[in-house]
Structure formats: C-alpha cells, structure tokens
Amino acid sequence: MSNHVYKKVELVGSSPNSIEDAIQNAIATAAKSLKHLEWFEVMETRGHIEDGKVGHYQVVLKVGFRIVD
Amino acid sequence: MSNHVYKKVELVGSSPNSIEDAIQNAIATAAKSLKHLEWFEVMETRGHIEDGKVGHYQVVLKVGFRIVD
Amino acid sequence: MSNHVYKKVELVGSSPNSIEDAIQNAIATAAKSLKHLEWFEVMETRGHIEDGKVGHYQVVLKVGFRIVD
Amino acid sequence: MSNHVYKKVELVGSSPNSIEDAIQNAIATAAKSLKHLEWFEVMETRGHIEDGKVGHYQVVLKVGFRIVD
Amino acid sequence: MSNHVYKKVELVGSSPNSIEDAIQNAIATAAKSLKHLEWFEVMETRGHIEDGKVGHYQVVLKVGFRIVD
Amino acid sequence: MSNHVYKKVELVGSSPNSIEDAIQNAIATAAKSLKHLEWFEVMETRGHIEDGKVGHYQVVLKVGFRIVD
Amino acid sequence: MSNHVYKKVELVGSSPNSIEDAIQNAIATAAKSLKHLEWFEVMETRGHIEDGKVGHYQVVLKVGFRIVD
Amino acid sequence: MSNHVYKKVELVGSSPNSIEDAIQNAIATAAKSLKHLEWFEVMETRGHIEDGKVGHYQVVLKVGFRIVD
Amino acid sequence: MSNHVYKKVELVGSSPNSIEDAIQNAIATAAKSLKHLEWFEVMETRGHIEDGKVGHYQVVLKVGFRIVD
Amino acid sequence: MSNHVYKKVELVGSSPNSIEDAIQNAIATAAKSLKHLEWFEVMETRGHIEDGKVGHYQVVLKVGFRIVD
Amino acid sequence: MSNHVYKKVELVGSSPNSIEDAIQNAIATAAKSLKHLEWFEVMETRGHIEDGKVGHYQVVLKVGFRIVD
Amino acid sequence: MSNHVYKKVELVGSSPNSIEDAIQNAIATAAKSLKHLEWFEVMETRGHIEDGKVGHYQVVLKVGFRIVD
C-alpha cells in the first residue's frame, strides 16, 4: 500500500464568485476524466478585473491522483 | 495590438471579512486613480489577529493595467 | 517597545467550508495555549478531494506572537 | 465564460538557432495533439555546448489550453 | 536531432525502504505507459511517520520523455 | 555619488517578433515618461498562442531609474 | 475530523551513514517528546566533509503532528 | 480602519558606510515625495567593489505607505 | 557525535539601532529559555518607518539549538 | 561512465545585439580556458539602458564541464 | 579564527547506485585538487533513465572549503 | 566594451563585529588572488552563537569580476 504512485496535473479553474469556487470548478472538471483524485495544491491565485472590480478569480492548482495499474 | 505595454503596481488590501474582500478593496482603491486595470496576481495572504481570531485579512497583490500613450 | 521579540510557529488548519475557516481554526487552536498572538502569514493552501469535490481545505500558516519576558 | 478550466503541460523545446525557435518548436509539437492552446510560460532556458559554442538551446515551458467539455 | 521536443510529467513515488526506491517505483510505473523516458528531477522528498519511524518515503519527481511524432 | 537612490517599476512589454523586441517596447514606453533609465531585469517570459504558433511574446521586466532630487 | 489542526517543527538530523538514517534520527528524537507525529518534509540536505569524504549527512526537515485538544 | 489600502514601491538605496545607511538614504528620498510611509522590506543586499574594498552598499527595498483617499 | 539532532525556532528581533542589534536581541531572548544555541540564519530584514526614517529594524531569523536527550 | 563529475561556473555574458549573443560571448570566453564544456543554464537576463533603448543585454549563466582526472 | 573565509564550488556527482554515492564521488573528485573541504549542500537531485529504470543519479552540490592565505 | 564577460565566485566571509565586516573580509581575501573585482551580491546572512550572543556573523556572497582576455 505504501508503494502507491501518484500523478499530479496542473489546472487553472476560474469563477466570478470566490477562490473556493474556482478551485471547485477545476476539480469538478478533472473528476470528469480522472479517477482516484486525492488532493490539490494551490500554486497561484490571480484574476481578471472588469469595471474596477474582480471579474473572475483564476486559481492555478495541482491535482494529485493515484495511478492504478 | 500585440505591442501593448502594461505596468504592474503592488498593493495591500485589507478586510475583516474575507480574502476576496481584501482583494476587492485594493482593486477598488486602485480604480480611483488608474484606468485600464486588467488583471491582478496575489503575492501574499496574511493578517492581524485580535482576541484569538482573525482581526482582518491582508492580501498583497499586483495589479496590471495597460499604458495608453 | 521597539525591542520586542516575537516567535513564529507553523500550523496547519483545516475546514470543509472555506480557506478563511481553515485559517480561523488554526488560530483558535493556537490561542488556547499561546498568548499575545499578533499576526499570521499563509504559506500554502491545499486540501483533500473526496468524491470529485473539495473534502476539506488545508492552510499552512505561520502565527506570530510576542514573547513576554 | 469566466468558469473556463485550463490545463497546463510542461514541455522542452530545442533549436540550434534561437530561444524563440525552441519555443516555437515546442508549441508546434503540442499543437499536433492538443487543441485550444492559449498561452505559454518560459520556466527555464538552457542548452548544450558543442565545440565551444551553443549547440542548441533548450527551453522548458508550460503550455496552457482550455478544456472543452 | 537537436529539434527534439520533450514532455515532463509530475509523479509521486513511495517506498517504505529508501528515497531511491521511491524514485524507482515512480519511474517503473511511468515506464508502463510512456516510452522514451530520458531523465527525472526530484522536486520534493517527504513521507509519512508511523509509530515514531518513517512509514514510507514519498518523492515528488518530474519525469521527462521524448515526444516522437 | 554613491548615495544615489533608484526606483524600479514593473512593466510588461509585448511583441509578435521576439523576446528582445518585447523588452525594447516596454523600455521605449517607459522612456516617454521617465528619465534616467539605467537598467532592466527580466522577471518572466511568456506569451499568447494563436493558431498553434506564438502570437506574441510578453516579457515582464523591472526597469530601474535614478531619482534626481 | 477534517477540522484537525497540526503543528510543524523544524529539525536537523544527522548520520554518518545515509540521508535516510539522518531523517530517522531526527524523527526518533522528535517522537520522544511529541505524540501524533504524522508526516515529514525534507527542506535541505547537506553535511560535513572529513578527510575528503562525507563525515556525516545533515538533513533539515519539518515534522508535522496533530494537536489534540 | 482595517480596510486600509497600502502601496509598495521598490527602491535602491546606496551608501559607502553601511547597509543601514543605504536603507536610510532610500527612505529619506521616498519621504520627500510620499506621505504615510509605514514599513520597508529588504529584497537584496549588494554593492560595488573599488580597490579591493566595498565601494558602496546597495540595498533593494520595498517601501509601503498607506493610500489616503 | 555526528548523530546530534537540532531544532530550529523562528524569531523576530527588533532594534532602533541596527540589523545586528535586532539579531542580538532575538538571540538574547532565546537564550533565556533555550540551551545549547548554536547558530542563526537570517530569513528576512524589514522594519517600521517613523517620520521618514527607520523607526526600528525587524529581523526574522531561525535559531538552531542541539537537543540533549 | 556514469560516475563522471562535473563542475559549474557562473558567468555573465553581454552583447548589444541579443540574448543569444550574450550567451555565446560568455561561452566563447569560457572555452578559452576550460575544456569539456557540456551545457549551460540561464540564471538571469538583464541589461543596461542607454538613451531609452537597450544598450546591451547581460545574461547570467552557469556553464557545466566535465572534470577529467 | 572567526574571520575565516570560505569558497564554495558547484559540482555534479553521479552514480548508478545511490544518491549518497553520487555525493561521495563529487567530493572525492574535489578532494584531489582542493584542500580544507569542510561541508557540502545538495542543490538538486536528478538522473538519467535507461530501460525504464534509473540509469544513474546526478546530484548537484556545493562544496565549501576554507581559504588559507 | 559592452561585450565584457564576468565571472562570479561564491564566498563566505565571517566577522565577530558586523555583517559589513564579514563582507569586507571576504572581499579582501578575494582581492588577493583575483583582479578586476566589480560587485558583490549577498546570498545569505547567518552566524554562530556563543554564550547566548552572536559569536560571529557569516555572510555568503557572490563576487563578480571581469575576465580579461
């Protein structure tokens, strides 16, 4: 069990509402094609500005999943 | 159009409520004196503690805007 | 007064709800055994994924407090 | 539209001519199998030396593309 | 030949025995589905503790392989 | 003379042609409003992809200039 | 359960034999005074040289443990 | 009060005497044109060598000031 | 002897006079409660500005001490 | 063969023309006194500004060469 | 005695067997031409892959030695 | 003139008195065997503790000098 191998992929999620929402959107998209998702790591938080306000948040994150032979 | 030049300024926004609020406050202040704000990048998230709780969040961010000749 | 000495400890707070909540949980726990907490610095934001969604957020933060002789 | 999710892949392009050429080669190769390529970020610039001259440049870059459901 | 393009993927290998073993496990798993593996770069070394001893080592590494058209 | 004070500003230049051109564009723009420009430091090199090719390079750089009392 | 709070302490272990041994020594020492040790992260690997050979390895690591109220 | 917004500017101070002097020179210059200066952060310490001795120290620092509406 | 284990703690010392003084203050405070202090590492140098001058220096440092069983 | 030992030296090349030229100049100079040069790694790209234009590029690079017993 | 000056050189050692062996090989080579070697710091761990296994480990390290006038 | 090539060497200077003194000691030693020293860059500041006080400061710095053909 302690010999598991994992892969990390780097995604960018976005949301007009919050940083948490941007993270959730990226993970939800990853979950459509990848199984055994286990953890995420936020790499960068940024976003676009529209009319002097945050238009949307963009969160760069790495998502780790277990590789099943 | 692809020859645009942008400038980034570094700001610190604060809010007792949330990280997103601190970001919005910094951007709203920037928007009073700068035009063509296009994006932001969070550099650090920190804050003050009061009575064993978050007193306010402080977010250091860079804000990018297009320089118009 | 300007000769104060502070110590920083590194904590990891977690919460199923939000990044702010994970920060608050870590600070609330620190406040049980440490006095004179003054500020925090977020070092990393990460979390666990369960069923294709964020299971809980984990925020690594440093908490600074004044050392009173 | 602001809920787009992107993926980044890390590539190394090489060229005997220039840094720009090494970047173009990596992107051209990526474009053969990936759609909706939107941006790149240079991570490292390095290369091999042959006969006391640059043999070829190697550029490590991340390429971002939109994930279309 | 100097126009080769490579891709890097990020993996986490684990082993109860040693750091080298954790690296080998990750590479062996990668070799099942990827060809032309050429090099690896260790990004992080960490692990789990069980009963006051290292339970297993976890090594985060990037593995580079040549893309063959 | 060795008591000079300098300021650095952070700019992003872009060009469809080359990294050097993107740097030159940023500096030329800076030179319209700032005097005594002395040096630059490249912080990041990135760009947009259009039709599977580099659309334009974007170079983030800091530009240093002497402050004249 | 997902509201657990953890603390990290930074240690330096040493050993004349191997990097793994230096890690084990640090963890064994930590386990004498701390409970609920869960993970470690290697921060730096270094060492002393004696007679043109490694005298001993020194590994700087952070050790994380759960805080039990 | 906790909604204050701050701006940081990056300066380079120099002095033939000491690191502290170089910092003071940069801050004194900043204080001529900026109000509400509150803190500084040293980013880099470097300098010029003349005749096998330090000719002058150069300290790159960020200076933070409150933006007053 | 080469199996010694050390712990590092992170402190912030301050002084209105100099960077060295701020370091000394932090170490003197640490020495009141910790034995076997062996080395320090400066992590950050910063400070407060008062009336357009350095009010006091703040030095973030790690202090390492040997753990005696 | 896999027991080769290499040394890296850090150089700064400059050129009024291009980043590639600055790299070539540094390598050409290194090749006058060092044999078995094998690779280079760009650490920083910077330069001087003259009359509102790039006066010359300065590239900080590490050059690796095999040590032959 | 506390006015000693040291120099650091950057080396890359390799070995098909282990990370420790690669470190030892680099130090043994350094010891042939340098005296007063005192410590080493691992900068990077990487390696080549052959036939889906580690061909050899490559460790980039800095070696410090005292300069004797 | 703008095609000059420079080399950087990494040194550690120490002094019981101050950070500036440690820098000066390293540069004075370098000046005994190297010509055309032009600049230095502080990489790390650390030191030894003796009797609950700074025993001596150690400053890791890079020293740059022009290579004369």
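Labels for the chains are A, B, C, D, E, F, G, H, I, J, K and L, by order of writing; each one numbers its residues from 1.
Throughout what follows, contacts are C-beta pairs under 8 Å (C-beta built on N, C-alpha and C of every residue); 3 or more make two chains touch, one makes a residue touch a chain.
This structure is a prediction, so every number in the text was calculated from the model and none was measured.
J.: Using just the Cα atoms, superpose subunit C onto subunit J and tell me the rotation angle to the nearest 5°.
T.: With C-alpha atoms aligned, the rotation comes to 180 degrees.
J.: Quick one: which of H-L, C-I or B-H reuses the E-G interface, over half of the residue-numbered contact pairs in common?
T.: It is H-L that repeats the E-G interface.
J.: CA centre of subunit C versus CA centre of subunit G: separation in Å?
T.: Averaging C-alpha atoms per chain gives centres 22 Å apart.
J.: Report the inter-centroid distance (CA atoms only) between subunit E and subunit F in whole Å.
T.: 38
J.: Quick one: subunit E and subunit H, Cα centre-to-centre, how many Å?
T.: 44
J.: Could you tell me which residues belong to subunit F and also touch two or more other chains?
T.: In subunit F, residues 9-10, 19, 48 touch at least two other chains, as defined above.
J.: Please give all chain pairs that are in touch with each other.
T.: So the chains that touch one another pair up as A-B, A-C, A-D, A-E, B-C, B-F, B-H, C-G, C-I, D-E, D-F, D-J, E-G, E-K, F-H, F-J, G-I, G-K, H-I, H-L, I-L, J-K, J-L, K-L.
J.: Okay, in this complex, where on subunit F does subunit J touch?
T.: Going by the criterion above, the answer is residues 19-20, 23-24, 27-28, 30-31, 37-42, 63.
J.: Can you check the complex and tell me which residues of subunit D touch subunit E?
T.: Its residues touching subunit E are 9-16, 25-26, 29-30, 32, 48, 55-56, 60.
J.: Sort out for me which residues of subunit E touch subunit G in the complex.
T.: Going by the criterion above, the answer is residues 18-19, 44-49, 52-54, 57.
J.: So in the complex, which bits of subunit G are touching subunit C?
T.: Touching subunit C from subunit G are residues 2-10, 62, 64, 67, 69.
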